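A, B, C and D label the chains in the order they appear, each numbered from 1.
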């Protein structure tokens, strides 16, 4: 072996870590897990079903037919192929209603998470980057907002004003942004000290440019991935609001209202609460499996295990 | 101790790396003997299996690595066959291991003393708490940790790397083991601290008569301690000789190469090109950068007082000029303020006082476009090649970024300019459209350089820019810098603690201590006739295989630089200076010109210090060691 | 020996004011009746709803058109120890019938009471110009208070002080405790303690009943009734009530200030579907009062399901196909009456069919009770309210006057001189047969033509009780008499 | 010692700022929503003049900041005002009432209402926290020790399942199966502590995934710290490393989770679960107050909830800094 050869082999010493973009690595690592794939297929299957389902099967979620009330799902005595998952106390098709419920929950979950993500990260990044008084003030506001649990804030505001999908989303965003602000700020704090930020500064890049062009593409995708878990949380909160009666108002069905209305019939028509509950649980399971896999992938990356 | 019964006898040890697809031999039939009171050095390039070998000695080989054959006899007993419990006790008590990373070897949340006591009680079950404590404190004192009884209760994070390495030595020696395995223990340390640790280990080895298996990747370090050396290449022992033998007649090709390429400071001719070799003097050249009495203080929280603040004086009254086409080196121990100074120079931060003039223009008050224009003129290259370029932009885009920021270029112009610059720094045009994924450190550093060069700066500041690279890559880049300097007449400031490199490329050297320049001199003067005892101390600590003109007995510093928070009055170096006298406590020496026009801040700069022992280049005489030891005793 | 405690899960909250004349709510009314006695008792058993039994009065008779005389029971004591006498009756009647008392709309009008002797009183209406016989049935509805309390309104409001078998002890949150009154004239009840608990959710009431936490649960849903029929520990009871369920239109607010729009809404509602939904809990009726009430009849012009007519009326009123109508808020409750939300959704859907834009607001009982009554300014929230009206005794005026006479019109706020005149005329008609005819031929048809409110059906109520609770009497208007009950 | 004083001084001061901000936020939000509090207080049957007069008297027509300052001054003296709708005995009220009924003295003091309900909620929350820690810590620790192996998988699937069960639905299913059908545990309302078990179980199931996940992440990441193998090489046994070091150090992230996530989650879910179980705690009080627009009760509970959260956080941070001295505060 020649000495030259010896020396060049040692060039490869630094590991691959940190070379591929953080988020891509994370996504690829997560995709490798079975949980993520199961979650992905369950979740997107349900999304497709909830978007296309009602028109595909031609059943109306709101059409009342008192004569058909309390039909059980097929497979149970009295079940009927016209209503695969049975009907509710007004004879409406539970399958269609649950799908609409899913759609609403998803819409609210997604929109509110996107909203809180954008708002929170923007505030967090500014606080972390600018520092000083701006940081202090923004963070105290964040802490304050964070000190009110989501549900309490939602109940307080929605309970005393008439809830609309818009107001629900607003309240959820209001309650949810601080967590993102905190994460974005702490990542920004450590990122701000990183060499590439200093390098950009030395090149003469403005603060805004550094934040948007250099830092944001680096730190936001991993946070966004973990936000998937929040979609599930927001969906649960939407259901809870519906359950307490301060969610989206009838006749639009939501998981919460279907469950709440079916509670009375638990004994003689168990499926009214069970079907939407299960569907909600399954879709949450899908999201949580995905989000969980992404979160673990992120933790592993941050801890330096590849 | 008889030659016949070595403490450690390794026979045909083979370790394989088992991965899903393949299996690879990491250690190939390694055999070695280690006798009592002997220090066996193991050297080899990175990845040659040194760490694996040293860990195998304590039976710490875990998947995906696997010991597939061979025996490790400790006093004749095979460690590989030994029951776990027995091995457990043996490991802490009779065989000790010290790794390369002292700061993470102990539980970060418990006081160090308690953890050593815990270990002591665990391997010597009979010992009482009080006895254990006493023994630990005594050993802490033995490694010269000041106020050991108090530091006993301090936490790992409150110790510097060097102190922590001492703590690990205490942890290893507190049970008086007869075998000590050390893996690259000086690697994370500053040169002076590393030299201290080596000296300490030598002393302790003599006192405890411990056999040491000393693993290092630096020939100079092994040279300072080992009796015999074993050279490892690709998992195989390729050479075993006495230390002297290795240096005088290396047999294996790798070893020869190693000995030959070891950078020399005093034996070699300076390679600084003649253009730049002109010493100091303002022989009419314009100073491109003038630093005038610049200071910077940081405020931090003081935990010992209510709402208290501490002031860290990171840079104190630094002044120097850099001339066009020149290369200035800035050296000093860790924490002396080199990086802080570089931040001030590149105007990432503003100095609290003092002025920085770039081509006569005060950098301080600049804002907006004026600042932007200024930035064209000088650039800073950072140390970490991995973190300093964004991973989500293509290389071409990264190099183009400064042009976009500074504006005024058409798309075509930018493309052309980027391609040109990339070619100049040796990046293939095909890289322009790829992400930095998969680039080697050297290539990344080239991207970095290209990004700085694309603005055609006149001054480039390099803050430890090359220290993350291996020697070959370093040499190539140094060549590139020289080429660029010749072609564009660029000026460099190298910030580094690698004295060998500074010796090679810088025409002038500024030595910093506690935020202040204590010596500013030409290359030759700095290395052959330094005017400040601190410079001599630095030189005495450089691990080398050549004779050092400044012997460690006289110059090697004890302890670490004082805290930049409470800088004592008078000369700030006097607390560690071997020549300190009354005046030093009162008068803070100014940076004054010495005879040759070089500057030094010492009352004795013009005489009073022993002349450097310029003995002819030769081997370090091992027999000197005990003498050295007695010289530094208390 | 353990205390015999009956926990009664009620669907209505208390008002926080123990003056019975200060409210018109069902929950508080039922609570009051455990504590207060009346002059007479109206068991209203099916088939003989007009029978009155003695309570504080032993006998009663009409002296003349404007005078009604009661002979009172001797030896009755109030819970605070005072003796009951004619003075208390006088104070109560005169106080309760004052028009500014919120509950006065239940009573035919103001009265004067003459104390003939400590045990004889005469109700006199001559001064106010309507017959005293209107108080015949109302005598079983008006709780008798203590004169001393009436003199001190603060005291009256702060705790109830009656003569019935149970005595008020305390309120803790939503649970109010009563204990057996030793001095009860008919003997101390066997049940030692009643806890009157406000449980706003029907489901919770039933689950609690099945757990054994409650001994009585009010107002079960029909399905709950069905599934409890076979339960070992719970007995269920079904009974016709005096209650009709109404869809009240806010008649003093656009667009329901126009009778045509109200009629259009009524014609859009298919009551058969509602009944199919209600199952056992509802009985069809084409009348504004319950079949248990005097004067009940099938009104010939009662609006039927007729979408075409509805569309025509809308067009006539200037809102063809509902275009131009504002969004209408329909306020209903949940957990109070059975299935209000369900048929609320149904009605909303049916109204939407003809072009009304209806939004359903479902409120918890206490909030709903706040919302339904219109304010003193005549306005209340929303445009439609779902409310039932359940009063003791067969007297129809207990329903008619509070709801549709402009002096009260508690919910719909209707102010229509014709309706007022019709109601006054009906009240002034002495002869029962004649009065029946006036009601059937004039009053009800007029109401049916103007529909300030639309009666949806007559309610059948279900109660659930622990099997070991015996001897409780459930009045068709809600109250439960536990003076003779026992836990065995 | 000095450190503790400094810590608490600073953090309590910051906490106070946070609480004031929250109070301001809630107060303002409640004032800008539609609905006239006077109507709620006096009942619908009151005359307009009377309503106006009462509103004036109570200062409800003053600008919001003025009202807030008055309110804050009251709160500082420990008085959270009186309920709009609950009677002095604390019962829910509804329906039409005479206008003369309103009078602060026959309205329940908010503090009294909360104090009556609080012990129930504390019992429930304590039980829930206890149950979930008992279930999830062993699972999480074992999962962390065997990171990547089957216990880890099992814990992962278990927590994925738990976190996907909507609490309201789970509550109903458990009431139905365990209490109504099975007759194993009481469920509705409160008579003795056993009534808290089932709701606590629902809360515990909701909390567990958080604990399982953070325990396993904390333990496994500590296991990967280099002090662990280094400790074993130094002569300490593996069990000792786990018990004395890894578990101890895993406490810090766990404490943080308990402080921030768990208490926040618990506070929120408590409300819903108390409602579903008709459990007479603060949550039920709050939800009923929302239904009846009982603003003083709503704002007091929201402010108190946030105060609790802030205090718990301070304590948790203090505990964490005493365990790990590296942590700054």
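Just so it is clear, a residue touches a chain if its C-beta (ideal position, glycine included) is under 8 Å from a C-beta of that chain, and two chains touch if they have at least 3 such contacts.
Bear in mind the structure is a predicted one, so any value in this text is a computation, not a measurement.
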- [ ] Work out which chains are contact partners of both subunit A and subunit B.
- [x] D
Open item on the list: I want to compare two interfaces, C-D and B-D. Which one has more contacting C-beta pairs?
Closed with: C-D
TODO: Averaging each chain's C-alpha atoms to get its centre, pick out the one most distant from subunit C.
DONE: B
Task: Inter-centroid spacing, subunit D versus subunit C (mean Cα positions, whole Å) - done: 41
Open item on the list: On a C-alpha centroid basis, what's the spacing between subunit B and subunit D, in Å?
Closed with: 52
Task: Computed distance of Cα centres, subunit C from subunit A, in Å - done: 49
Open item on the list: Quick check: how many Å separate the C-alpha centres of subunit A and subunit D?
Closed with: 23
Open item on the list: Residues touching two or more other chains, restricted to subunit D: which are they?
Closed with: 180, 291, 293
Task: Sequence positions of subunit C contacting 2 or more other chains - done: 364
- [ ] Would you mind writing out the residues of subunit B in touch with subunit A in their complex?
- [x] 45-47, 233-234, 253-254, 256-257, 261, 346, 348, 371-372, 375-376, 379-380, 382-384, 386-392, 401-402, 405-406, 435-442, 448, 451, 455, 470-473
Task: subunit D - residues contacting subunit A, complex - done: 14, 17-19, 21-22, 25-26, 29-30, 33-35, 156, 159-161, 163-169, 172-173, 176, 180, 213, 217, 221, 224, 264-265, 267-269, 271-272, 275-276, 286-287, 290-291, 293, 295, 298, 301-302, 305-306, 309-310
Open item on the list: With touch defined as at the start, can you tell me which subunit A residues reach subunit B in the complex?
Closed with: 1-4, 6-14, 16, 18-22, 194-196, 198-206, 209, 214, 217-218
- [ ] Please name which positions on subunit D make contact with subunit C in the complex.
- [x] 39-40, 43-48, 50-51, 85-101, 106, 113, 116-117, 175, 179-180, 186-189, 191, 278, 280, 288, 291-293
Task: subunit A to subunit D touching residues, read off their complex - done: 35, 140-141, 143-153, 155-157, 159-161, 232, 236, 239-240, 243-244, 246, 255-256, 259-260, 263, 266-267, 270, 273-274, 277, 280-282, 284-285, 288-289, 292, 299, 303, 305
